[in-house]
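What follows is chain A paired twice: with chain B in the first complex and chain C in the second.
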Partner chain A sequence: MTTAAVPVPRAPRAGWSPGVLPGFGLSTGFTVLYLSVVVLVPLSTLALRSSALSWEEAWRIVASPRALASYRLSFGASLAAAGVNVVFGVLVAWVLARYRFPGRSLVDAVVDLPFALPTAVSGIALTAVYAPNGWIGRHLAPLGVKAAFSPLGVGIALTFIGLPFVIRTVQPVLEDLDAELEEAAAVLGAGRWQTFLHVLVPILLPAALTGFALAFARALGEYGSVVFISGNMPLRTEISPLLVMTRLEQYDYAGAAAIAVVLLGASFLILLGVNRLQAWARVRTGRA
Partner chain B sequence: MSIEIRGLWKSFGTNTVLKDVSLDVPDGELVALLGPSGCGKTTLLRILAGLETADAGDVRHAGEEISSRSARERNVGLVFQHYALFRHMTVAENVGFALRVRKRPKEEIEARVNELLALVQLDAYRARYPHQLSGGQRQRVALARALATSPRILLLDEPFGALDARVRQELRRWLRRLHDELHVTSVFVTHDQEEAFEVSDRIVLMNQGRIEQVGSPAQVFEEPASPFVMRFLGAVNVFQGHVEGDRAYVQDLEFAAPGGAGRTPAHVFVRPHELEIHRAAVPGSLAATVSRLVPLGAAVRVELTAAGNGALEVELDLRRSEALALAPGDRVHLSPRRVRVFPASADQGDSLTASGL
Partner chain C sequence: MSAPARPRRPGEDPPAVRIALTALALVFLAVLVLVPAAAVVVEALKDGAGLFWKALRDPDALAAVRLTLLVAAIAVPLNAAFGLAAAWSVTRFRFPGKSVLVSLIDLPFGVSPVISGMVTVLLFGAQGWFGPWLSDHGVKVVFAVPGIVLATVFVTFPFVARELIPFMEAQGTEEEEAALVLGAGGWQIFRSVTLPNVKWSLLYGVVLCNARAMGEFGAVSVVSGHIRGVTNTIPLQVEILYGEYQFRAAFAVASLLFVLALVTLVAKKSLEWRQHLARREGARRSPA
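So, the complex of A and B:
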């Protein structure tokens, strides 16, 4: 037997390959243009606006005690609200995904209400309920808990408007979850709690983090509902977006932009961090 | 007895999937539950694992009634068709899971994981995640995970069903060798008769929620207890006939048959390799016409048509086929070497896929 000359397969082009679908150039070009027009250009004008100030002036505005107190409240309450939403959002998503009960579709619809409501309406409704003479506030007041017109009120409003995010990101993951995984854990001797902790939580983590990031971002930008329930006392219950609004009402555009830039930068860093965490969780669960 | 099942009933809504099932599995045996899909074999396995509860009946492991025990208290190993590995854990973490939830000391877990990974020949993959493994490797991880606590019983639910043919072949032999080493009582579910024959010590044939026959692979193949078993275990030719006394008749052929009173309609079953082809008519033969020849490697399948019987098939070895030199259209004569006769009333052939009829 003679060996015939075997044609050497052409080596694939070295480096990066764009995949089989054409249109990489076009779609990427469009994406960049779109993001520029919709997001980047408006945001950079913000920086431009604030550059009307000198460094000292800008620093005086963004580092004033009133501004610092508002950052603390805004970031603190947003993180806390997003945290509360992760815990209870996962719980609600679990109930909606796992159990069939009368009125389930009603509950499912109610979850989205905070999305649909004009934020001012939410704010008025929450204030009415949590004010010292409101339905819930009336019972909290004797316990020494001041729900409305306090930082707690800000947290309540932010929790309310961020509620749907975690539920809506976690619910589909729970619904797609293979029942065999839990059965396998049970047969291997894991209790319900161990199964939840070691099997379910790691699977839900990426979705829950996405929900957390969305709820946090939404809470940070929230203005309408908070101004009603917080009472807007400088240094105590004044949130950063309100501070921006106050500056705008005084025609201090540059000062408003300076505070906004700080908010923007900080939230970008936090969201970037959450995204990295998510990517790490995804790689670990094998869905990279 | 390692597993004793008595009078098990189970239904889902109006659909009764197990009807009075009783079965014994002796210690250290590897038993296959074989049957078409929907016959109740997987439900039976899940009841053994504690993932379903029976409506009535007893399950005993080593003499102990365990119906009231939950899955986690039974200490059985279970291998799923789609592996059900924890994808966020490495191979080693998956294998050690059962020991970790039992809060065993770290060194003990480490040692046991190493031992099991050596057993399934995956030592080199301990730090990988399941999505970085092939299907066969994943199933071996799943098996190692199931064996971690040295369970008294190993249950396998169509363990090779999701794998391609060649890997399946390898894993079957490997599972058999592994079982010969470990001697853990094993029950494994399959719808593939070849798989059941190759791997198991005994075969339990199930159909529509009932056990049709229990026996060694040779037994169930050579002495099928019912038309269902006959049809399920490979191709078979069916002739319509009748039984009178202890003789069965198909047209003018006559066979010995289990005694029946009076004249009753019967089905006469002949396996393709138990039919002889002759060029000339011999006593006790049946005329037929060759319609197609299908080479199968070491054997040749001859498809024929016979008046009054429709399509038939015969399997010949290569030498016999060459000696006959058959061609489509040839008139030949068929004589059965061996027949099995069942009353027609016992045969619900239409629910099954049997070739040759």
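So, the complex of A and C:
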């Protein structure tokens, strides 16, 4: 084999355009290495660990009554919480984007609190408020509503941590919205409600759905804010991430990994959906 | 005599609707976010400031504070360095697989905190891949500080990169290319052109990364082993105290994290304001 040592200027290959700036090798190399060491290799152990199980064993763990009950609760409460967040998220985004009132910027900052507050703190605070003797729980108890230590409590915690997602995806769309669109609808004789339904809803839909999916994905994996308020009773108020935790504490690594793979698969499917939604929204609104 | 009512613009809601929607949004935010936030402060101070200070001066609480600061001091700079490298690679060069790389960076956001902690156990635990080798060499990762650091690095991995990538993408490469033409070397360009340009965006990512690093609960809970005064971070200390029905002490320690959340929100808002100003300044400088 002969290699000609003639310094031929390399023609840029299609798709390869390292550009004129230096540091391509260093920055890309470090990025890929760090990503692999911190994220990819650790995550791949999950797949390998659960593949140590035979199909029957894996199925027995993944479809055990306790696991099924935890999926029902996790998916059900996450869906309900994301649904509540779509309705109230669009409302809050509307109020923040459209109306001017004293303390508006303070309210805008409060929206980010569920992101900023560590989940363990949210968890004990929500439990204190919604427990039967708590500030809100004590008014619910006489009505026969058990908030904390019930599936409802799980839903409340998941609504809390999902709150910013819908607001923060819908709000910028509303702020960028051209007033002319609504004025045109009004001039053409549409009522306010008709304008909302036929002009605004189609524009806000992609953003609201994206926020819904992000809140849903976050809620599925949430642990800290839920474990305090849920009461953690197997088959009743045990969420799937807690079941993973329980299996780990019993050193049942393969069992934990099997349930973790189910959870992980679900959240990746949702995030894949989010990517599609965002592409759709870009086409729809023509924004970059 | 009252002034005649200003005619409403077609896109404007009538005052009654405005007030009703604003009130509904505020009540929702108050019940879900403000009441629990207030509960943290009230519960912490319920039995007087003396008990509050005593809980904070407890040696285990102080050890938890020290550990939390240590973990953040390792995890945040690592992920900030990664964020800068990733943003430089992804926004300054074109290469095949770039979009895959960008989506992989977001991966940890889609992973439940419990699973994030679990992969560390699967790798380095007693039954993990490297576990036996590590224990032969007297290194303890799981149920020790290194495991807590690893889990935190995993969870906070995307924060800085996510802020920098869109920002540097929008900024373009012109200034760096100008510096190159003027004879600057790679590191010089990075230090004197790129870093000053992205500093607010970088700081924004660092603030969010730090908040999560200090407040992470689920992932750290899996790997810590909850050894008092040794492997307890602040959120874990809160959990332990709460589990022992030491509610005052739990909320007192939690109030530290509450203050962290408030500081984070204030820093976030002021950085958003700075970025807004910088963008306006930039727009004025280049008449486009």
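Everything below uses one rule, namely that the second predicted complex is superposed on the first by the 225 of 288 C-alpha atoms of A that agree within 3 Å, B and C clash if a C-alpha of one lies under 4 Å from a C-alpha of the other, contacts with A are read in each partner's own complex, and residues count from 1 in each chain.
Methods note: contacts are C-beta pairs under 8 Å (C-beta built on N, C-alpha and C of every residue); 3 or more make two chains touch, one makes a residue touch a chain.
Being a predicted model, the structure only gives us computed values, none of them experimental.
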First (chain B), second (chain C), both or neither touched by A:P202: first
Which of chain B and chain C A:V20 touches, first, second, both or neither: second
First (chain B), second (chain C), both or neither touched by A:A186: both
Partner chain(s) touched by A:L46 [first = chain B, second = chain C, both, neither]: second
Chain B versus chain C as contact partner of A:A125, first or second or both or neither: second
Greater chain A contact set [chain C / chain B]: C
Where chain A meets both chain C and chain B, residue numbers: 183, 185-187
Contact set on chain B toward chain A in their complex: 49-51, 70-72, 74-78, 80, 82, 84, 86-88, 97-98, 100-102, 129-132, 145-146, 148-149
Complex contact set, residues of chain A against chain C: 15-24, 26-28, 30-32, 34-35, 38-43, 45-46, 49, 88, 91-92, 94-96, 98-99, 101, 105, 107, 109-114, 116-122, 124-126, 128-129, 134-136, 156, 159-160, 163, 179, 182-183, 185-187, 192, 217, 220-224, 228, 241-242, 244-245, 248, 251, 253, 256-257, 260, 263-264, 267-268, 270-271, 275
Complex contact set, residues of chain A against chain B: 178, 180-181, 183-191, 194, 198-199, 202-203, 284-287
Complex interface listing, chain C residues touching chain A: 9-11, 13, 17-18, 21-22, 24-26, 28-29, 31-37, 39-40, 43, 82, 85-86, 88-90, 92-96, 101, 103-115, 118-123, 125, 127-129, 153-154, 157, 173, 176-177, 180, 185-186, 189-190, 211, 214-218, 221-222, 234-236, 238-239, 242, 247, 250-251, 254, 257-258, 260-262, 264-265, 268-269
